[in-house]
Each structure stands twice: as structure tokens, then as C-alpha cells.
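What follows is a set of structures to go through.
Two complexes, one shared chain (chain A), two partners (chain B, chain C).
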Partner chain A sequence: MNGFEWMSPGSLEQAARAASATVATAMACRSGTPASDAAVLKAGGMDLLDLMKEGLLSPRRLINLRTLPGLDRIEPAGGGLRIGPNVTLAQLAADERLRTRWSALADSAGGAASPQIRQIATLAGNLLQRPRCWYFRSRAHHCVRKGGETCFAFAGENQYHAIFEHNGCAIVHPSTCATALVALGARLEITDRAGAKRTVSLEEFFLLPQADLQRENRLESGEIVTAIELPAQPASVRSVHLRYAQTESFDRPLAEVAVVLDLAEAVCRKAAIVLGACAPVPHRARAAEAALTGQRIDEALARAAAHAALQDAMPLSGNAYKVPIFTAVVRRAILAALVA
Partner chain B sequence: MPEDLRTRSYPVGIAGVALEQLERNVADDEAPPLPPNARLSVIGQSTARLNGPAKVTGRATFTVDVKLPGMLHARMLRSVYPHARILSIDTGAAERQPGVRAIHVIEHPLGRAQELPGPGEPGDAHRRVRYVGDPIAALAAVTPKAAQAALERIVVDYQPLPFVIDLEDARRSDAPRVFDRPVRTEFFLGPAPQLPQHGNVHGPDTSASRGDAAAGLRAAELIVTGEFRTQVQTHCCLEPHALVADWRPEGLTVYISTQFTAGIREELAEAFGLPLNRVRVVVDAVGGGFGSKSRIGNYVLAAVELSRKAGAPVRLALDRHEEQIDSGNRPSTVQRIRLGARRDGTLTAVAIEAYGTAGVALGASVGNFAQSIYECAAFALEQSDVFTHAGPGCAMRAPGNVPGAFAYEQVIDELAERVGLDPLTLRERIDASPLRREQRRIGAERFGWSRRQPPGSSPGTLKRGLGMAQSHWPALIQINSSCEVRILRDGSVEVRSSVQDIGTGITTVLAQVVAEELGLSPQDIAVHIGDTDFPAGPPSYGSRTTASITPPARNAAYRALRLLMEVVAPSLGTTAERLIARGGRIGTLDASRSITFREAAAQLRNDQISAVASRSDDYGGFGRRMGDAAVGRMGLGGVQFAEVTVDTETGRVHVERVVAVHDCGRPMNPRQIESQVHGGILQGISYALFEERILDRHTGHMLNPNLEQYKILGARETPAIEVHVLENYQGNSATDAYGIAEPSIIATAPALANALYNAIGVRLRALPMTPAAVLTALGRVPCGSVPP
Partner chain C sequence: MLEKTPSDRPDAAQRPEADTVGPHAVPLTLRVNGMTHTLSITPETTLAQALREQLDLTGTKIACDRGACSACTVWLDGAPVCSCMVLALEVGAREVTTIEGLTDREALHPVQAAFIEHDAIQCGFCTPGLIMSCVALLKRTPHPSEHEIRAAISGHLCRCGTYPHVLSAVLAAARTEEA
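Our next item is the complex of A and B:
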């Protein structure tokens, strides 16, 4: 790991002005040796340090967002919630409001990583962490996502890669919380260097490889995520997040599914179904949503919706086994949402 | 009878089943026979680890904690190619880097098969690297950072060569060769005949065969066959391989995380041309070894060389990535088994063809499991090593027997099904071991084996299955094992040996043994081990530590106590033979007169009395002797029962419960034995379901060289575990104790596999049994796509 400077900014503005690059731009390079002049934002540091130790990122300066006051609160806002970017996964998992009204988010945060990591990892950091593709994480493989020429996954070891939307790069989006947040219709508040704020729906924030091969989202350098906004949730809405991994102790999921249902009795007025760990972005299963909308949900319908969700799957050479897993997890998540 | 022998009577048999007395002629200076544990006060009692508090409070000193004044930090440069010729190495820029004190270029690397001398190939003047991570050079600098920075300045001109990492590809005659010339055949346990070598295939070794297997197969009434595959597993020691080498004019001292201080000393003395009295090897706490810290490796030689060059102590600790790619691994195997049997289940022949790869090393054999466990006159084993351009394998907890049992115990279960017998009933017929007979009985009862349903009959999507498998491991002993016991004038007691405690708890067991003999409590005994300045102890591998070092420890305590009794006998108005030590006192047999142990020691004329004892041969003789090691006449058994659930929609296997019944001669410290068995089972589950080294087919790099992507069992995968240990007396040594570490892992993977079969009615013949593998076996993966 390279040596670096540590900066504790006094304000958001100072932090934004000090940031010279996003982590994605600081990592991208033609040569395989990342630039060593970037100043990047650091929250919990879980992902950042990992990248630095592997020699994939060599920033000159880390700007510590952790000490900025007021960014670690969950506050009511217009019937919904406003979540500070520094709120930890452990906080999310324990929050009573989330557990009752936005349980998909609490479930996703509580199931991610390990208890130790959840104490440190922040929500913004979780959404912005870089992919876990093992070629991406290996210095010896300078793949397209890092500015190189090839994707090693298509013809290589791809058992943990995407089964949807892998156009040029087959990462699965690494954030468990993103799966739940997209299903819940969350928006991000982003503040730029000038202090101007914009909000963007999380779903649109993430980028597919065909839009950009080297970054997973639309964050620009000098921008800071200042809030994650959850819209108001009618009492008739139920949500769940199911996660399925090879080991249940701090393993990355093989499949995860968030289901948000607006129910009148068992009749579904509206459905949002998002699959994680299967595509470069949280993958919205619109065919499954359509299958449920306006229908009375029972076991058979849930099964049909699950099949619809996987209809367009395009597994790679080594990951077709994920299709039956997702089929089961989608069905189970729909049925679990009914009784949530 | 020779004068120095004496006839004594020893308890023999399984406590609670049948105990008899057996007369043996043993040397006069051996400590007298010990009664069964029920009549002892310290041995056989669960005793908390003496170094437990130091470990849990972080006070224990591991090698990675050792800091010497002026210590330099070393790093190693490793190949980024799986196969390449090194045309040149330019260290000039690195040497000029600030803080660099020494550079060492590795010319003749160890830890791999060695080519026999012979006519060379053109271009052989250059060294070849043969796997990603193959060490090329090392350097030492004043800080780790300076070392790393300088390392990146070493310029290596590689000529990449074609490579092969897949086992099947490597067997083809046109595959790129790992070695051009035949390599020396090496056996862990002694010399071996030279084996044939064609391309990358070294072997077959058929030396374990016996009888006429072809005739046995012809005579069979039915034949069961199966092909099994096992993966490469890495050791994943939590403390990395590490040492601090301190070369001085007066001699070399090496602090090293090792399983064998005395062995490392010998290897270092030979490598550097030093007499043994100029080499000292020291270790305190060790964070795991599992076989991978048994010998010196390239990193050890490099650190010593750097210390010699720099004239300063040098610290070298591998990082996790290096641990995963170049600290050894359990080789993969492919095993084709044919069993010939009669309708009653008895075996007429066993034929096994096995090959596997330990990368650039030898050692992928399937061990002695199938050849030893069941009765069968005709046994044919052909096993070959296949070289690949991958990191070298080495011994790992029950090497050979772990993959061997995974295959063989499944075929035996298949045979049971074919002949319509319960798996336990079949084993009753073909297993001669009285130990396992009792273990099956106890295990079946505690586990509730009678609940087992026919294969695949479990209803619903979450299917439940019950299975069992057996363990076999030779009882190994290091004859070259010595121990000193000192009684000091203040009544305190010291035990000294170079034996090391790699976490298995020998420290505590030594204290128990000596305390029992001296009538003291374990806390009274100071155990000084892990230092070759003390009498040379055994290695901590091959499950032989306790069997090797506790008899000399007891004999040394016995002899030191005799000396003390000679001194105090007059003051008690009797002779030494009429004295006894118990409850912290030394007194007459009739308890009429006694003094405290302290008072007795105060009568010593000198500061201390001491006795050194070495491991005697087993009283009943050994089965086999190989150099410093020997194999006991009776093997170690073990039977494990597992209950699993299988989610047939997601393919996930969950282990709910394991009941393990084992034996290790006289159990010395039941709590520690239980802990060892837990470790074996957990490592076994992890091997069966999760662990696998994944190499990239196009670049030869390991893709999961960390503990996140290399999957290991965690707290939530830990089942309920019940351990039961037999007391099995054999009257073979002063303690009659044997090992447990390796027997405890052997049966786990096959027990799970048999339980999984019972749950879903489909057999998995490859490891690890991942969701992908289970779903594929169930025919649920679409369009014939199979996981790589």
C-alpha cells in the first residue's frame, strides 16, 4: 500500500473542493499502474483500504467524511425518511422505523458482510463500493473496467458473474443495500463543489456497461452523496429482502431479491421486484412485476412471476446454476412479502 | 530375561467394554504401569489450557510479534507467469534504493520435485519459474515499505513459456512439460524406488498392491465402480509463515512459526554448513500449521541468507496472498475405484487407479486409507502424480487419507445399498477393528441412526439425510523424542523439550503428565518448550506429538523423582522404594510419615536435580520403522455420523449435527481432545462444502487468494457437534497415549456425502459439494451448462 495524506475536512464544501477524483476515475488507467495524485473521499474505508492494499488504487490523499457532523442520522422527511450517508449498516439493521416500514432495507443491511464490518461500513460507501469481480480485484488482470483491453470473465472463471445485462463486462453489482433501495424507490441527494444539490433516483444513478465500462454510477468528481431519501410508504406496502449465499457467515450473496408489494388483501396493486448479484446494476424484474400487478398472489402466481423474472437470463459458461437459485429465491421473496 | 528388564502388568482393552491385564517385559527404568484414567487424578481430567489466558488476552507471543533491535524487513519477488524462462534479473536499481541492506537471488528453489541430473535442454542455463508465485528473489530493507518499494525496482526479463494447469490437460502427451527430466521420487516416510515418468505423469506407484486383484474381480458376484474428484485446498493458517533470522558470527538463531523446531535446526545446519551447536530454533505460540510449517522453505533460506549478508536480524512474514499461492496445499485427486464383492458384502478385490496434482511437487497420493481399513486379500493400487504449473502441494492434515476416504467410504456405502445391507451392518462384516465396532455402536445410539430413511425418501424441497463414514490413520511415533524434567531446590518443577505447541495443547498435557507423576497439580509445572536449546522433541505433524513426547516426559519425571526420594528417604526413616508422591507431599506408602514436596526439594544438595528421557520403543514393538519415525501396531479409528438438510431448489447443504466417536489410546485431556475433534470436523465440513483453490485457466493466477473469496466455513455453518472418546489401553508406553488431530478430519467429508445421498437420492462424487454441484446433480441446471 502506498503512503498517503489524511485530511479531516471542516465542512462538506471543503471536502468536496478537496476531492480531485472519484475512486473509479482514480483507478482507471491504460498502463495498469493507477495514478498516484488523486484525492478521494473516504467513509468507513472498508472498500477503499482493500483497493489500496491490493495496489489497485494509490491516492495521494484521503478525505475523511466520517468526522463531518450530522451525516449519520436517520430522520423523518415528508412521510418518508432521510438517511445520512454515514449511517452504518448496523444502524440501518437496528432502526425500528426501518424494520417496520422499510424492512427490505433493514434486512439487506443486517444480512450484508459480517457484524464487524457492519459497524464500520456506511450506506453511501456500500452503494459506491467497487465490484468484487476477481479479475477486477487482481492486479495481474488489467481488464476493461480498469482501463485495459479485455474482459477476462467471459472466457474465464465466471461462476460468480452476471446472468443479465453483461454487455462487455459481467460484474454483478456489489451492493446488497442497493437491491433493496432500488425496489423501495429511493433517491440520492448529491451535493457538488459549489454546494448545489441535485437528486436522482437510485435506479437511474447506476450505469450499465454499455453506458460506461469504467464506472458503476453517475457520481462525478467533487460530488458527495449527502442523503439517501426513502419515499413515504403507505401502510399497505410490504417489503422483504432475501439473500442467499454459499456460506451464511460473511459471504457475498449468490442471489438476492428485494420485493416491495402494495397489497389490498392478497391482491397486488403495485409491485417492485429487484434482483441483486445477477447484473452490473440492481436488476429490475419488470416481467415479474407485471405478472403480479392486479392479481391475487398465491403460490402458483409467485412461481409464474419467478419464471418470468428469469426468462431473459443469459448465463455465462459457468453460472447457469444461478438461474434455478434465483427462480427459487424470487418466488420465496414474493411469498415472504405477503406475510411480512 | 535380560537383567534390566522387568515383567509388569498393563491394563489393555477398551474401558467400559473389556479391560484385561497384560504382562509385558519392559526396561527397569521405565515408570511403572499407569492404571486406567478413572484411577488417576490429573491425567485424563479436562484441564484448561495453561496458555489460554495469554492467548485470549493477546499476551501470547507469536513469531509475527518477534521484534529484535536493528531488525530488517524482507519481501520476496515472485513470478507473475505460470511458466517462463528468466533471461536476466537486474537488481541494480533495487540495490540503490534507500534503506536496502541485502538482496538475494534464488537459484535453486526448494519445495518442489527435483530433477535428476542428466543431459540438459538448450537454454537450461537460465532458471525457469514454474508457477505464479514461484519465488525469484528476496531483499531486506530498514522498513517494510522500503523493502516493497525496492522490490518493485528489480527488473526481471521473462521469456513466457506454454503452461498447463488443468489436471486432465497435463496428462496428455502433447501438454507443455513442467519438468524436462525425470524427478527424484520422494516419500515423506523414507526412501522410495524410482518411478517411471512420461510427460507430466510421474508413476504409477503400485507398491501398496497385494494379492491378485484381477482374479478377485473375476470371482466377484457383483462389482461397484465410481470415479471421484477432489479439489485443491489451502492450509489457511491464521498466522502466516514467518520468521526472524539472526545470523551472527557465533551462530544462527531463527525464530520461526513452525511445527518442528528440531527438524528446522537440522535442515538449516545442513543448508548453511553449520554444526548443530551453532543453530538455535525458537518458537512460542503458533497460529496454525496443518502440515504446511513442517520444513524449511524458500522463504526461510532467503531470510537467513539476507541476515548473513546484511549482518542484521531479518524478519520475513508472508502476506495472505503469498500464503494462498505459495505455502503448500492439499493436492487434488481423481480416483477410479472398482470393488468386487460377494452377495454378503464381503470384498473379493479392490482396484483403484488414482492420480492427482500437487502442482510442481510430488505427493498427490490418496494415502493408505483404502489399503488398510477393510479386509480384502486382493488390492491393486496404481497412483500417479501429475505435474502442473501450479503452486506446490505439501502435507495437509491427514494427507491422502482425506481425499481417499471421501471416495472409498462412498463406494462402500454404494456396495451396502447394492447388497441390501445397512451401511453399519456391511461395515460390521468387513471391518476387523474392535475399536470401530464399539465406535459404531456408541455413535449409532447417540446419533439416532435408526431414524434413517431410505435414500431420497425425504419429502418436500428441504430434504433431510443421515450418513456416516469411518476414519483410519496410522499411529505414528517419533522415536527421536526427548524431554528433561528438573526439580529445583525451591520445589518448583520445569519441563524442557524442543517440542512446540502449535495450538493443540501439548503444553498443558506435559504439565499434566509431570504433575501426575510428582503428585502436584498442572499449574505447578513450568513448561519450557519450542527451543532447540532443550532436548530435541518430536514434530507436531502426523498426529504424533502426544504419543512421542508424553512417555519420555513421564519417565523423566519418574527418574527425577527417584533421585529426590533417594535424598529424602533417610530423613523419613525409610528407603526410596517405599516412598510415594501424592497430593503435594512425599511420604511413606502407609502414609504414616510425610513431608511436603517443597520441604523435600529443600533437602537437595545442589540447585536442582534433572533427568532426561527419550522415547522408548512401544512395549509391544512397532509395526514398522522408518528412520526417526515408527508406526504403532494398532491404527487409530474413528466413526462420524452426520445429519444434513439439502435445499433442492437452491442446492445449499446445511450440516445440522455431527456425532463423532474417536480413540487416541489413553485420553490425556478430554477437553483438548474434544477441541481437536471439533477442529477436524469443521475443517472437514469446510473442505467438503466450500473450500477450493480457483486458478484462472488463461493466466494461471489464483483468483481467490484471500479469505473473502476463498470460502471457508464460519460460525453459521457450524453444526451441533457431539464428541465421544474411547479409552483404549494398549500397554505400549509409559503413557499409552496416541494422537487425534488427523483421525478427526478423515471421516467428515464422506459422512456428509453419504448423508447428502441419503437426503436427495443422488450421489455427489466431486468436491466441493457446492450449490452449483448439487443443482447439477439434481438435473436442475438449464441447457446442460456445467460449472467449470
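Our next item is the complex of A and C:
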């Protein structure tokens, strides 16, 4: 890891003003050697330190967001919840309100990474982490996402890569919490250098490769995610997050899905179905949602909706195996939400 | 040097140097195993490095150095964390507990004794971290189910494959504590 200056800002505004780049802009370069003059924000640092240890990012200064007060609370807000960006994954997994009313988020946070990492990793950091694609993480491969010319995954080893929307880059979005939060209709509050706040739906926050190849989201330099807002949830809403990985212990999912159903008995008034680990952004399965809406959900309908969710899949040379796994996980998640 | 446009630079007038340290070494106070230590570290020093290289607490192991194997597990205020992914500068006033701090060094902790009894050690490199996770589990859940033990150790890699013996050792330690 390179040496750096360590700044402890006195306020959010001071932190935002001191930041010269996002992690994505600090990493992007033509040459393959990232610039060494960036000042970047650090929360839990799980992804940031990993990138620095791999030599993929060499910032001049880290700005510590972790000790700023008031950013690590989960508070009721307008019937929903306002989650501070520094709330850890361990806090989310243990929160009773989330476990009962927004269980997809609690489940996704509790299944992410290892217990040790969940103690430190923050929700905003989880949403903003860079992709896990092994070419992106390799210094020997200057891929399109880092400012190079090639996505090595298309002709290379792509068993963990995207089966949807891989237009120029085949990463899968790395955040499992994002899968749950998009399905739950979450919004982000983002504060800029001048202290002005904007909110954006999480679904619109993430960017596909055709919109921008070198960043996964719309965060600009000097902006800080200051809250994750969960909308009010009627008592008739049920949500689940299911994941399937190669090992039951610490492993990234091969397939994951969040299902949010608004139910009147077993009749589905409204459905949100989002697939993770399958596309460069959390992937909304609108055909599956349409298949459920207005219908009485049973095993046969869940099966049909799961097939609809995967009908447009375009697997690469090494990941067609993901399609039947996703089909099973989507079906199981729909049925699990019915009884959640 | 790469040329940067002015908009890429932090606003020099707003740069609050007073609360910025490094890249050179800075003094740091750490509370470890009930003792307070003052050391001198550069900002990129991880807690694992500070413990091993400055405080000679080499029971904490560094294997992957990426938070992926949990060999470096220590407690921060009682909660297991991977010390390779925490900067020493970030620890602040929190109490660090390492494998050396589990007991007064005269006797083994019951979980350590159970690891020996149940042959839960082979090469031993992952063992201190595993024990820190297992003792933390028993502190919050004195009588864990097998599932709870598996969840508590899910971050640990043991390439010798001692996992089933670790389960037996923790279940036995829980029974011993009960007796």
C-alpha cells in the first residue's frame, strides 16, 4: 500500500471540499498507472484498502468519514427509515425494524462478506464498492473499466460475469445490499461541496456500461452519500433476499434475488423483483413482476415468473450455468416472500 | 507528473492542514490487552502490522492481508474484526484484544484447551483468529447451535481443513463452561 496523508475533517462540508476525486475517477487512466495525486473519501475502507493494496489506486490523501458524528444511525422518517451512510452491515443485519419490515435488506447485509468485515463495512461503502471482476482487479489487465481498450471477460474466463446487459463490459454489480434496496424502492440523499442536497432513486443512481464504462454510478467528485432512505412499507408488504453461492461460508453469490410483494391474501397487488450478480447494475426483472401482478401466487405461477425473469438472458461462453440457478432462486424467493 | 486541471485539485484555501497527518510517521496511542502503548506509525500501517511489528504480538497472523481469510482476527471493543483491513490510526480509543490477551498467560482459555483436546489444530496458522471468533461467539451465545458456530467462523479459511474439529471443540467448550 502506498504512503498517504490522513485527514480527519471537522465537518461533512470540509470533507466534501477536500475530496478531489471519486475512487472511480482516481482509478481511470489511459496509461495503466493510476494518478497519485487524488484525495479520496474513506468510510469503512474495505474496498478502498483492497484496491490500494493491489496497487490499483494510489491516492495522495485519504479523508476519513468514519468519525463524523451523526452518520451511523437508523432513524424513523415519514413511516420509513433513514439510514446513515456509516451504518455497518452488522448493524443492518441485527436491526429489529429491518428484520420485521424490510427483511430483504437485513438478510442481504447479514449474508454479505464475513462477520469480521460486516463489523467494519458501511452501507454506503457497500453500495459504492468497485466491481469484483478478476480482470478489473488485476494490475496486469488494463481493462475498459480502468481506461483501457478491452473487456477481457468476453474472450476470457467469465464464469462469474454478467448474463444480462453486458454491453462493452461484463462486470456484475458487486453490492448485495443494492439488490435488496432497489427492490425496496430506496433513495439516496447526496450532499455536494456546497452543502446542497439532492435525492435520487437507487435504481437510477447506477449506470450501465453504455452510459459510462468507467464508473458504476452517478456519484460526482466532492459528493457524499449522506443517507439511504427506505420508503414506508404497508403491513401487507413482504420482502426476502435469497442468495446462492458456491460455498455456504464467506463467498460472493453466483446468484441472488430480492423479491418485494404487496399481497392481499395470496393475490399480488404489486411486485418488485431484482436480480443481483447477473448484470452491471441490479437487474429489475420486469417481465417476472408483470407475470405476478394481479394474480394469485402459487407454485406454478412462481415457476412461470422465474422463467420470465430469465427469458432475455445472454450468457457468455462460461456462465450459462447461471441461468437455471437464477431460475430456481427466483422461484424460491417468490414462494418464500409469500410466507415471509 | 500528470497535468491536472484546476477543477481536479482540492481547494487550496479550504485545505485544513491542521487535522491532516502523514505521510511520515505519526505518534499513536493504542489500548491493547488492557495496556496503553504509544507507538510511531505511518498512516498506511494496518492494525495487524502495528500489533506484530511494533508490539511483538505475533499471535495475530497475516495470511491473505485482504480480509478474505480472517487469520488476523482480533476484537475491537469485543467485536471480531480483521485487523489487516483496519488502519492503526482508525482504532482510536477502542480496546484491542488479541489472542495474547485472552487469559493472564498462566493458563489456557477453555476454548484453547478444547482446540487441543479435539485436535482442531494442524499447521496452526489460522488458529489464533479462529479462537478469537469462537470465544467472542461464546461470550454472546454461551450455548450455540452448530449452525451458529458455522456462521461465527464462516469468514475463516483453514487450509488444513480442521473445521469439523473446530465445531466439536466449541461445542465441548460450551458444555465445559456450563458444568
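One rule holds in what follows: the second predicted complex is superposed on the first by the 340 of 340 C-alpha atoms of A that agree within 3 Å, B and C clash if a C-alpha of one lies under 4 Å from a C-alpha of the other, contacts with A are read in each partner's own complex, and residues count from 1 in each chain.
Just so it is clear, a contact is a pair of C-beta atoms (placed from the backbone, for glycine too) under 8 Å apart; a residue touches a chain by one contact, two chains touch by 3 or more.
What you are looking at is a predicted structure, and each value in this text was computed from that prediction instead of being measured.
A.B. asks: Touch check for A:His173: first (chain B), second (chain C), both, or neither?
C.D. replies: Once the two structures are laid over each other on A, A:His173 reaches no partner at all.
A.B. asks: Regarding the shared-chain residue A:Glu248, is it in contact with chain B (first), chain C (second), both, or neither?
C.D. replies: So A:Glu248 meets both chain B and chain C here.
A.B. asks: For A:Arg17, decide between first (touching chain B), second (touching chain C), both and neither.
C.D. replies: A:Arg17 sits against chain C, while chain B stays out of touch.
A.B. asks: Is A:Arg101 in contact with chain B, with chain C, with both, or with neither (first, second, both, neither)?
C.D. replies: neither
A.B. asks: After lining up the shared chain so the two structures overlap, which partner does A:Gly156 touch, if you call chain B first and chain C second: first, second, both or neither?
C.D. replies: After superposition on chain A, A:Gly156 lies in contact with chain B alone.
A.B. asks: Mind working out whether A:Asn64 is in touch with chain B, chain C, both or neither, as first, second, both or neither?
C.D. replies: second
A.B. asks: Once the shared chain is lined up, is A:Arg187 touching chain B (first), chain C (second), both, or neither of them?
C.D. replies: Neither partner.
A.B. asks: Quick one: classify A:Met7 as touching chain B (first), chain C (second), both or neither.
C.D. replies: second
A.B. asks: Where on chain A do the contacts with chain B and the contacts with chain C coincide?
C.D. replies: On chain A, the overlap between the chain B and chain C contacts is residues 3, 248-250.
A.B. asks: In their shared complex, at which residues does chain A touch chain C?
C.D. replies: Where chain A meets chain C, its residues are 1-10, 14, 17-21, 35, 37, 39, 45-46, 49-50, 52-53, 61-62, 64, 66-67, 90, 113-117, 119-120, 221, 248-250.
A.B. asks: Inside the complex, what are the residues of chain C that reach chain A?
C.D. replies: Chain C reaches chain A through residues 1-2, 4, 8-11, 14-16, 19-23, 26, 42-44, 46, 65-68, 70, 73, 76, 79-82, 85-87, 89-90, 92, 133, 150-156.
A.B. asks: Over in the complex, which chain A residues touch chain B? Could you list them?
C.D. replies: Result: residues 3, 132, 134-135, 137-138, 140-141, 152, 155-159, 244, 246-252, 254-255, 315, 317-321, 323-325, 327-329 of chain A touch chain B.
A.B. asks: In the complex formed with chain A, which residues of chain B make contact?
C.D. replies: Answer in residue numbers: 80, 132, 145, 647, 649-652, 689-690, 694, 696-699, 701, 703-704, 708-709, 711-717, 770-772, 775-776, 780-783, 785-788.
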